[in-house]
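As written, the chain order gives the labels A, B, C and D, with residue 1 at the start of each chain.
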């Protein structure tokens, strides 16, 4: 039997004006287990807390009930008080007689009666409370970043600078991501490579950062502070330590039919290649699906010309196992499939391109060496049309229902760059809305209109087709003038929707991180915890969480890094003691609990149990208390009633129901 | 006409079976329409005019008898609005209420030529007749 | 059921299960904003709506509750991602079974109340209390396990 | 293989030879087309309004007859296919329409969209296979540059027609390859020909049809094939006639040597 003390707070007049506190004290005195009850003006004050401590000592109390404000307000305070007095902090229950009683009721009798009932419920519950010990788990002081774009690089640098080890896993042969493919960046028009490549080099040279390029995460086990990760380092068929990045092999390779992904397949690359000149690491990689040596067993030209002897045709995939305390997902985005929108003739006409393809065409290292040319005949264009929202804000099966956010700004950028470099080219932009929230963003767009005479037309394009002049006709509508537009042009640039990178679903399921219907990773709270995933120890950086531009990505990457550093700075993690716990004798190993657990906190073990003298090995549910967040979904799903939740046990809540319905 | 504008608007919405408020006024339907130049009220106006209850204007519109029912607007609309259905629903209202045929049977012989398929006559009657 | 000793008039007994993160906080906000609702409503705090075992509700009706309402975070906003979806499905089944057993479907309710919806919490509780008052006294569920 | 066959009004009147080519070719491919007993005209255009019931009934009758025989329902005319397929979807998915139509018709067992509705081209692609057709061709149309004209009704609305990619279809090009000719792709193959507008606004139909033919010519086509008698009419009669236009079944019959 507990020895319970009940402490009724006046909260000045906040409670006392509506609730007869003395009557509450009198009414609870006869309740089971109650050996002390007292009221006081301000229970949360220094003196009030001392009163509780004294009563605990004097009456050898084992549990206390405080009738006061909401537990969301002062539960922590009174738990500390109890701890000071030497009893377990989880032996405290609060009866909320302010927010749920005195503040909303006017009739004093009614309010007093309700306060008594609420106090009884809390007493009934505390009678069944058991001391709880928060668990502790160690923290591995190393972070994993999945994805080596600007988001991953920035998070890695920030964590590494704070003094922790970081590994970046990037599935392509170089870090840099989409930003490396860009020509210029808005709203300042500085060159993307000029600001990105120093960061790539810094990441590569940082003593705390290890790069695993051409690698993928194979599996993730464990929980916050203690993730066990397997990384597959795919065979490059080139010895990373020997290759000097001289690129001789890449120029000699005779297999040159396949497209160059870095240039959006607008030109070709050899089977052995370095993605681009500033690649990090600057090491060649052999694409075994295209290499003649792998296909025919002959060739081997690269091996002959490599003075460093770095070509290794017998290299195998390698599995690396590592422990991490925190994981940052920075898997970024890709351009959505525009082939479904063939009214624009993207699959039929080489002069219809995506904006990313235009970035490569405009880039000095791109397929046209930075000269704006029609891809069909390599001639200089006279007119160029931009089409916005291709696949964005589209709730049909072929589109994405969200706004891709970056297109309005990069289109203004493209329009301005073209007008600046080629004043003879007419630029037309078909838009639905121009969305430019952001510092200096609207000014940027207005500059395109006002200073660069870019022709912005409100209205969508219905169809694009080749005409008898060998040019393209754009069939559209000018909504403001409410008239048909037939515009002849040389190029059409589609602002394709962006979508989360392929493979993000696999990553999310490995991490038990949730994704939304558009495959963006879900944040723990849309406003207040935007860089954390609901899974403890997993953080989000960049477009994997939702469309965003470079400045926003970098800010989020920094924020994610701070969260990681905050986690890694701890030696031990205190875990929530109110976790689920199975009764081994009742569990039948049916997996119902595992299926409803949002955290993957439940697994199964074969274990010998002694069931009333009968010893046998059974499959039993096991809760990892470091992962369990205490929602209780499993306790209700359990068909045999074996699963219970500490702090909110079936008996405790039943007792409350009983007390209220007495 | 006995029904007021609001009732008509509601009737049209129930005839098409989707919510015209999904329209985001991008103009893709009009951009795509092969008969746009022949229309007085353009397809992208239909959704908002139905929502606003401006049905009388629509009932008088030439557009009702210029739409080819080619479904290009339905196919390409990014918001799952089906402008062709809206146009047909308004046309149905005209035909049902007025009892008058846009195409009278007497006028048909003058329009026939020996090659004209049966289908064209049937279709025209369906579209324009009660 | 309880009897108000002064007025001797019948007052309903309503049990409200509120999740800690949204609805309980919503109820707190109703209090802070002094938005009243009948004292007949008694709140039990649970970590998540998915913690509400159908047994708790059966128990309440067995002990004489006239109405039971469960409040959770709005769909999609659950602190534990998916708890309220489980709760919603479980309650759908339970409530139809209760209806079959003779507990009017109107005596059970699920509502989504966010931490910012003090107003809504108050409105919901007023409405629910009104409904229960109109329905009058409830039959008690009997626990046949205790019967000889 | 035996299929129920719905010829439609035009193939029974102005375009009898299209019907006979289709049947002969089917025969050569080992397929029997069983004409439905008392089919009625489908109405040529799909009545879109949810409260249009009477105008959908003739299609439901045809669908129910095919259901009685447990056969898929094949059409050659793309307008018939369009109307019957959409009505079938309504019977399957729109409870209200299905209920009211069944109340009118009073079949022994209500019709709920059980019949599979396929176009002749789909039969060639999915049931027979273009590879099989290629083998059976005795008279390959070598060297002929043929532009496929899809028009509207086969493709749209794609969500319901489920025929092919509505913006970039391939079925007719594959068909042209199967009969040994060379397909010509052009931008206007899925744009409207003017349809029934030829009745009361000739100039609109001429404009629309003219664009289709010009677009096909631009890409070097020598002839056009189509799957719809009305398209055939518009492309022939409402243009300058510079490109020969034929019905696809005619070429199939020619290639199979049964013309």
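In this section, contacts are C-beta pairs under 8 Å (C-beta built on N, C-alpha and C of every residue); 3 or more make two chains touch, one makes a residue touch a chain.
Everything numeric here is computed off the predicted structure, so don't read it as measured data.
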{"item": "B-D against A-B, pair bridged by the larger set of C-beta contacts", "value": "B-D"}
{"item": "Relative to chain C, chain with the most remote C-alpha centre", "value": "D"}
{"item": "Whole-Å gap between the CA centroids of chain B and chain D", "value": "24"}
{"item": "Averaged-CA centre spacing for the pair chain D and chain A, given as whole angstrom", "value": "49"}
{"item": "Centroid distance [mean C-alpha coordinates] between chain C and chain A, Å", "value": "35"}
{"item": "Multi-chain contact residues (two or more partners), chain B", "value": "72"}
{"item": "Chain C, residues touching no fewer than two other chains", "value": "none"}
{"item": "Two or more partner chains touched - positions in chain A", "value": "343, 396, 463"}
{"item": "Interchain contacts, given as pairs of chains that touch", "value": "A-B, A-C, A-D, B-D"}
{"item": "For the chain A and chain C complex, residues of the former touching the latter", "value": "70-72, 96, 98-101, 103-107, 109-111, 113-114, 117-118, 121, 514, 522, 534, 578, 596, 598, 629-633, 635-637, 645, 648, 650, 653-654, 656-658, 660-662"}
{"item": "Residue ranges of chain B in contact with chain A within the complex", "value": "22, 24-28, 30-33, 36-37, 42, 44, 72, 76-80"}
{"item": "Residues of chain A defined as touching chain D within the complex", "value": "339-343, 345, 347-348, 396-397, 463-468"}
{"item": "Touching residues (chain side chain D, partner chain B) in the complex", "value": "8-10, 12-15, 41, 43-45, 47-52, 55, 77, 79, 94, 152-153, 155-158, 166-167, 191-192, 194-201, 204, 208, 229-230, 232-233, 236-237"}
{"item": "Footprint of chain D on chain B - complex, ascending", "value": "14-17, 34-35, 38, 65-66, 68-72, 74-75, 82, 84-85, 88-89, 92, 103, 111, 113, 115-124, 126-128"}
